[in-house]
Amino acid sequence: MNLFLLFLSAFLVNNFVLVRFLGICPFMGVSKDVDSAFGMGVATTFVMVVAAAVTWLIETFILQPLGLPFLQTMAFILVIAALVQLVEMFIHKTSPTLYKAMGIFLPLITTNCAILGLAIMAVQNAYTFIESVVFALGAGAGFTLALVLMAGIREELRFADIPEPLLGAPIAFICAGLLSLAFSGFAGLI
Amino acid sequence: MARLWKNFVNGLWNENPTFRIMIGLCPVLAVTTKAINGIGMGLATTFVLVCSSALVSLLRKVIPDKVRIPAYIIVIATFVTIVDLFMNAYLPDLHQVLGLFIPLIVVNCIVLGRAEAFASKNSLVSSVFDGLGMGLGFTWALTVLGAVREILGSGSLFDKQFLAEGATTIGVMSLPPGAFITLGILMAFMNMIAARQKKRAS
Amino acid sequence: MVVVLSVIAMVSAAVLSVVYSKTSVIIEENAARALESSVLEVLPGTSTVNIIRRSPDELGVDDPQEMREKGQETTLIYQGVDEQGKIIGYAFVGEGNGYGGVVRVLVGVDEATDQILNVKVLNHAETPGLGSRIEEEGFRSQFVGKTVQDPIAVNQDIDSISGATISSRAVADAVRQGLRDTVELYRGGE
């Protein structure tokens, strides 16, 4: 499939967070302010791209030839966990401030269903290596976009007069719903 | 015995994973287009939760601390794959509907979270009860959300149409925006009920 | 440390391969049965379905190399036979690249005229409410009556669903290519 369309599809039309419902936990957890949202988005995109590449290689050169489709889930998640460990160690060495700012959410990238989700989707749709990487890039960009938009909205919400029961998560979800409604406008893009 | 019951009820209400702790949210939004999908997903997750909590608890003295996360992941992934294969074989329609989200149970924060926070530090029986409570708490949350979206979005409940053919439904409820908004409103409701409970207690 | 992890991993792999070997048989059977009931839909009047396996080498088809490259070693053709034993037609599965992944269609072809009798969309991951409209009668009925002689292409003899060009094209590609390959294989033996 045309690479540009593939990117656009993952980025906007079938946005991973607002349309496919992947990556909701960090979406809700890290979207309190724009800076950390952006940092999280970039870190996640990096893991997504590398994970897509490595899982594609494992699926193509190990799992399929040896006839082990049932080990796919396990192999993929272990790869992702290892990758996140590496990223964690790297950030810890190169930028202790960023490491501290991201806190618990760095190891939690492992449980971001968007990463495992895109790895599985890429092999299910029989994408080539390049297609998988582009798909991951689009997914990561879309994830970052959704996070940053949400963070922007939530920063504004701090000054709004919200009824007690709606404070916190409920109003955030309703805003996310409106965002999702806006994104559904991209559906007829192509 | 009372302690076990408390473990169980905890996951159903006080520390309901969806409405109170707010973990494991991706499947909550994605599969709740119909009530039956919610139940299916909830029970599949409960199975994985109970089995992996049990096994982690059994092996808690054996697994070295440094490799505990990879070990938990292997255990959880094993049960997830078993559920995936079984559903594909014996419940193909449900398997088709839940699709990608069945293997995604492995990254459901509830499962890994309970293994780390509870099962690794508690006895086998306690862990099973905790897993059951959390899993069933998750299940009823999914079912309620699915029921609301199904009633409003398709005019049916458990696939039984109760609106006349061609009656107007709120289609957006079955689509992504509806999922977010319904969850937000339900959470607000839960907050109101919890606040009233607290007021009555004090 | 490593020992414990390896033991757990090996036990898990062993358990999974046992479960897999038991369930994969059933899974394949389910898929075959589902496909058979779809065949009854696209070849009306059928009471028995014969599965014919054709491989390119067997028949000396024009492009066996291409089929092998595409990974198609044997093609399954579903032949519909009615109660009197008369052959109604044959059906095949075609695949096209859609928006959200692969679109699979089942196409029923008339025995006597090699005209398409019916097209059924088996699986797709297209956008609900938009690309998913390829399932509608109005879209699919365009393919009825077509033969290998027809272009079967969007903007030529097939109208796409507005706003869902890619999904429509996926179906057209699947039908056209599948028809060409299958008629050649089916008739090639005579």
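First chain written, first letter: the chains are A, B and C, and each begins at residue 1.
As a working rule, a residue touches a chain if its C-beta (ideal position, glycine included) is under 8 Å from a C-beta of that chain, and two chains touch if they have at least 3 such contacts.
In this text the structure is predicted, and so the values were computed from the model without any measurement.
> Considering only mean CA positions as chain centres, point out the chain farthest from chain B.
Following the centroid criterion, the farthest chain would be C.
> If you tally the C-beta contacts, which comes out ahead, A-B or B-C?
The comparison resolves to A-B.
> Please report how many Å separate the Cα centroid of chain A from that of chain C, as a whole number.
The computed centroid separation for chain A versus chain C comes out at 33 Å.
> Go ahead and note the Å separation of the Cα centroids belonging to chain A and chain B.
One centre to the other, that is 21 Å.
> Taking each chain's centre as the mean position of its Cα atoms, how many Å separate chain B from chain C?
Whole-Å distance between the two chain centres: 35.
> What are the residues of chain A that contact at least two other chains?
70-71, 74, 121, 124
> For chain C, what residues touch not just one other chain but two or more?
12, 16, 19-20, 129
> Residues of chain B that contact two or more other chains, please.
70, 74, 77-78, 81, 85, 175
> Which chain B residues qualify as touching chain A in the complex?
22-30, 69-70, 73-74, 77-78, 80-81, 84-85, 100, 103-104, 106-109, 112, 172, 175-181, 183-185, 187-189, 191-192, 195
> Show me the residue ranges of chain A that touch chain B in the complex, using the header's touch definition.
Residue positions touching the partner: 18-25, 28, 70-74, 77-78, 81, 108, 110-113, 116-117, 120-121, 124, 164-167, 169-174, 176-178, 180-181, 184.
> For chain C, which residues count as touching chain B in their complex?
1-2, 4-5, 8-9, 12, 15-16, 19-20, 23-24, 26-27, 30, 34, 128-129
> So in the complex, the part of chain B that touches chain C is made up of which residues?
Where chain B meets chain C, its residues are 59, 62-64, 66-67, 70-71, 74-75, 77-78, 81-82, 85-86, 88-90, 92, 171, 174-175.
> Enumerate the contact residues on chain C facing chain A in the complex.
12-13, 16-17, 19-20, 97, 99-102, 125, 127, 129-130, 162-166
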